[in-house]
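Two complexes are shown next, each including chain A; its partner changes from chain B in the first to chain C in the second.
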Partner chain A sequence: MSRRRDSTSYQWSARGFIAPGVILVAVLLYAPLLWTTYLSFTEYNGLGDPDWVGLANYGAMFADPEFFGSLGNTLLWVAGTLIVPVGLGLGLALLTFDLKGGIWLRLPFLIPYAISGIGVGLIWSFILQSDGALDQALALVGVVDPPRWLLDAPLNTVVMILASSWQGVGVNALLFTIGLQSIPKEPLEAARLDGARGARLFGSILWPMLRPLTAVVIGLSIVASLKTFDIVQGMTKGGPGRASETLALTMYKDTFVNSDYGLGSAIAVFLTIVTLVASVLYLRQQLSKKNEI
Partner chain B sequence: MSRSIRTAVLIVAGIIWLLPVYLLVINAAKSPADFTSKEAWLPNGFALFENMSDALSLSGLGDAVFSTLIYSVVSPIIAVLVGAAAGFAIVALRLKHGFAWFVVIFGGTVFPLQMVLIPLFDGYSRVGLFDTRLGMVLVYTAISVPFSAFVMRNFFSGIAHNVFEAAVVDGASTLRIFLRVYIPMAMSALVAIFILQATFVWNDLLLGLTLSQSDDVRPIVTTLSGMQSTYGGAQLSTVLAAGILVSLPTVVLFLFTQKFFAKGLALGQY
Partner chain C sequence: MKSTTRRVGLLATVSVAALALTACSGGGGGASDGATTGTLNFYTDKAAWEPDFDTLSETSSSDVDIELNTTGYSDANQYDAFIRQSFRTNKSPGLFSWHTGSSLKELVDENLVAETTDIWDKAIADGYVSEDLKKYYTIDGKQYCVPMNIAYWIMYYNKTIFDENGLEKPTTWDELMQDAATLKANGVTPFYQTSVLFTFPWFQQLVAGTDPELYNGLSTGEVKYTDPRVVDIMNVWLDQQNKGWFSDAGSTTDPAVMLKQGDMAMINFGSFFGASLDAAGMTQGTDYDFFVIPAVNSDVDPNAVAVETGPLCTAENSPQRDLGMAFAEWWMSPDAQSAWSEARGDVPFNPKATVANEALSELGTSVATDDQLVERYFEATPTPILTVALEQFGAFNANPGDPLPFLQKIQDAADAYWADQGADQK
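Showing the complex of A and B:
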């Protein structure tokens, strides 16, 4: 049975096997994608027909100071989730590496990961509300006038980033642990015999070998943080006013609360472009680093 | 750092990490009559199950549980099979331009969900799928397919092509080979994808918020979000109990299948 024969004899059957996937994705993902792009050039409130207005929605989007507030918050999310959960995740993976019972010691950090964004938002709103659990704990140590955690910007965005980090650290630690376990044992043993410990072992052996994985974790984290929605919706609904909105939330509100589909679509397109640029940048970086090694 | 110091640091950090969970549980267990947000750190009574059943009856959460179970079981199962079929077509049947078709399917994950919300809402309203379980199952399936195709294509690439050829020699049809040979071999990968996608569907907020409205179609997380904003006529302790109820299935599933999950995640990264 030659290769050439299989590659021609099952073509009809193969098309049948791939068709359901292609049709589902084309109808429910790609067609809507194109339609949203089209809508971003129109004025549309969901009733009647969309009216072509060219770039007017993009003009309105960039003229709106709220948009820049929302963009700023989104960038803060990107920076914050890069530093806190990725950094702590790496630290946690290093601490549990090679440790007996490491899997059990990591468990407390993994539990929050399985909780939904809304669930995490619910817990942390309860903790951070005025006179909530955190303020009560602070009162015990003599802090009588605690910050208004969820009411002042940009503090509310910062505490939400910490809440989201509480959820995300465990899974980053898990990914880094998988990375650490895949490092070949010989160079590690050799370095240890040469007396490398702690920071030196990390700097000269572990970190360089983890770099490709780090690029993946960072890339995923950037892309996910650009789309931040659940936790903000759960904790502040973007408020007070619109002070803690992210782009994903602004898009949702403009579309489904204000029925401005054109503007909502323009924000979605903007968000997509930023996400694609970020993905390409990190993929390129990841690929070039792989080439170096 | 010596091992014992590391262990000690981890134990302390782990306890700190679980404090929010402790707060959630003790406050969800306070009966609405005794509940005061003044003593958040002290346990007081055990009315957790009463609060959970109140939550189920008060805010349509009970109806949502059933729908969400359907979404998070049916959609990932279909998606896993559809993705496996795509991988089978590309790898075993050597579909022409197979890689290009794979990119078409996988490309579905590249864009933020926000890009499909408006047309789905609009289109669903026109064809009568808005606020229906069928509509929700369809969209969750479509979203889960690209990742499933990705993992399954990788998985099937690791199976020698002789396996396929031997089955052909035995006279089996392609459908039979797929169902009787390839699917059984891929069980572990299929389960890993299923767990990941079921967790994703169970925890989805955005699609539920956009494409559904009534209590018996709305996914559970979306219902919880609604309860939280108004307290839905319920007391805070009831809402917290609802939060536990909503989170419990994914936490349990996740802890019991940690190894599978880790493997699935590792597969998804590369």
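Showing the complex of A and C:
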């Protein structure tokens, strides 16, 4: 009897300690998520009360050809982010992890990581704007008619992906280096004794053993690129027209510029679902492969 | 020990729950506390003007015992969202800056702003404000808010460049076109343009200067953007684009700096732009000057000048409602407007105010007597149409070409907006 009472009182105090965290999560994370989902079924300009309109916002969203332009740009960001910062990060890690003093080669790549996305946008728009630093440098070497970096699509999205890679390569290289350093020495040495070098060593030993970490790095990159906002807002504001807009910018514009909170929320819900589905599918697939090793 | 642990756990639960409840409460808002003197909390998206409002506060403190506590937002969209959400709380502002046009109507439709009809009636009777300005503050026959500022959209030019090229202020459209051609021939880009935000002024100028009725029809939905007359006007613009008369749309350099360093000779901007040029180190009359842009079509008489006016409003449910209204009433007075003109160097709307800037004073007088006013495109156009129009003009500036596809996209947004308005009224 006494034990049972003790156990109950222990449970109650445990609940008490957990409650602040649970309430904070509920208030700060679940409540906004539910509110946004609710708003996506309403027409609401931020004033008065939302009017229920069912699926009208989703209908309007999918009927707008510009929405698919944004979706296309967002997918370009996903692909570009996987190829450039993740690819270069892996390359940098592979080339330097075994080198003496390799850290000094990796370190400079980490410095841009300390800058905010908007800061990166400002720096690169100074470089890439018409007649900006890059155009002036090109003029010095005789290029008189350089590409219009930020005015022509899809070139503007491509150069923005490169600008964002400037920031992202270092941290990916750091993560891959940690992964490479955690690979046990024995199988590596055994493979080398068997004559595996270069691509063969990478393909047969390093890559499979890096997979748990690659899964995390790629998973994080997918999520980060799906919500790309700050660098585009800082460099082109989605323009000219809507040529470089991403879904996150469309969501922001509809919500805070047009005060169409319902449509903005519908895009937010869509983006959340896409991000969740992409992450879950990807991680599931990776985890199951990992189990096979 | 156990009981202490339990108590701490319970305390934590209660305090967090209380915190959460506090955060959730506050809907609706209370009535005004009735005070008409004291410290008035003022919110504005003109963060750069905060020092000017602080200067003004000294005059309002001594005149009517109201001190302004100004909070300036530098991001207009963030500010907009903040004001909208504030009406749901008991902290809605006693004074805040806003926009005329559809943005003001939205607030009035929800009974969120205090009516100022009495203040307007008295100010007009006293000759403190022109009848002309009233229409921008009138919704369903009643007035709301008071004018914070008034700006005319005119042409600023680099005087040194004009002098070097032997040019004078143009008095007709043909002269302006000739000046542009001369400048271009001499290797100077005539006009400024951008691909972001301020993409509308040249469209506004060309349409209002060609046919003010057509311009007004666009804002009421009676005229379509794809109307052949609008297409013709866009083709005039395209022709000028093809002649290379506009600065690079991709430049993100401050336009005041661009005018100073001669990236272009002229820029069509609001009469508040002089302050930016002064800040860039230029002197009015020596380094730069301005002129009212002549009508494109000489039959447009009087000439159409775009006017921009931003309101100062009081939230109906603000605890500082009475204080805000007392300030609004004082704001209309010559004393307040003289102090504001001194602080900000802007055109005051009150003809009885003393104007610090002689040239702006003359501009105000000449526009009032010689020209007709049209509402600036930014306020005249309902927001959902405006957003698309600003994007499309930006795209046109970046990649000039057949105007119809650009106009069609704006018209699509206009069709959707007016259909929605029609549905709401039924």
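List of remarks:
As a convention for this text, the second predicted complex is superposed on the first by the 284 of 293 C-alpha atoms of A that agree within 3 Å, B and C clash if a C-alpha of one lies under 4 Å from a C-alpha of the other, contacts with A are read in each partner's own complex, and residues count from 1 in each chain.
Criterion: a residue touches a chain if its C-beta (ideal position, glycine included) is under 8 Å from a C-beta of that chain, and two chains touch if they have at least 3 such contacts.
Keep in mind that this is a model prediction, so the values were computed, not measured.
Touch criterion met: A:R148 reaches chain C, while chain B stays clear of it. In the overlay built on the shared chain, the residue A:S244 is in contact with neither chain B nor chain C. Touch criterion not met for A:S164: it reaches neither chain B nor chain C. Of the two partner chains, both chain B and chain C are touched by A:F256. After superposition on the shared chain, chain A has more residues touched by B, the comparison being chain B against chain C. In the superposed pair of complexes, A:S225 makes contact with neither chain B nor chain C. After overlaying the two complexes on the shared chain, residue contacts for A:G48 are found with chain C alone; chain B is out of touch. In the superposition on chain A, A:T81 makes contact with neither chain B nor chain C.
After overlaying the two complexes on the shared chain, residue contacts for A:I123 are found with chain B alone; chain C is out of touch. Residues 6, 10, 13-17, 20, 24, 27, 46, 125-126, 129, 131, 237, 252, 255-256 of chain A are contacted both by chain B in one complex and by chain C in the other.
Chain A makes touch with chain C in their complex at residues 6, 9-10, 12-17, 19-20, 23-24, 27, 45-48, 125-126, 129-131, 148-152, 236-243, 252-253, 255-260. Those residues of chain B that touch chain A in the shared complex are 1, 3, 6-7, 9-11, 13-15, 17-18, 20-21, 23-24, 27, 37-41, 82-83, 85-86, 88-90, 93-96, 98, 101, 104-105, 107-108, 110-123, 138-139, 141-143, 145-146, 149, 161, 164-165, 168-169, 174-175, 178, 199, 202-203, 205-206, 209-210, 221, 224-225, 228-229, 236, 239-240, 243, 246-247, 250-251, 253-255, 258, 262, 265-266, 269-270. Residues 2, 5-6, 8-10, 12-13, 15-17, 20, 23-24, 77-78, 80-81, 84-85, 87, 106-107, 110, 112, 195-197, 248-253, 383-384, 387, 391-392, 394-395, 397-399 of chain C touch chain A in their complex. By the touch criterion stated above, chain A contacts chain B in their complex at residues 1, 6-7, 10-11, 13-18, 20-22, 24-33, 35-37, 39, 46, 92, 95-96, 99-101, 103, 105, 107-119, 121-127, 129, 131-133, 136-137, 166, 169, 171, 174-175, 178, 198, 213, 216, 220, 226-227, 229-230, 233-234, 237, 248, 251-252, 255-256, 261, 264-265, 267-269, 271-272, 275-276, 279.
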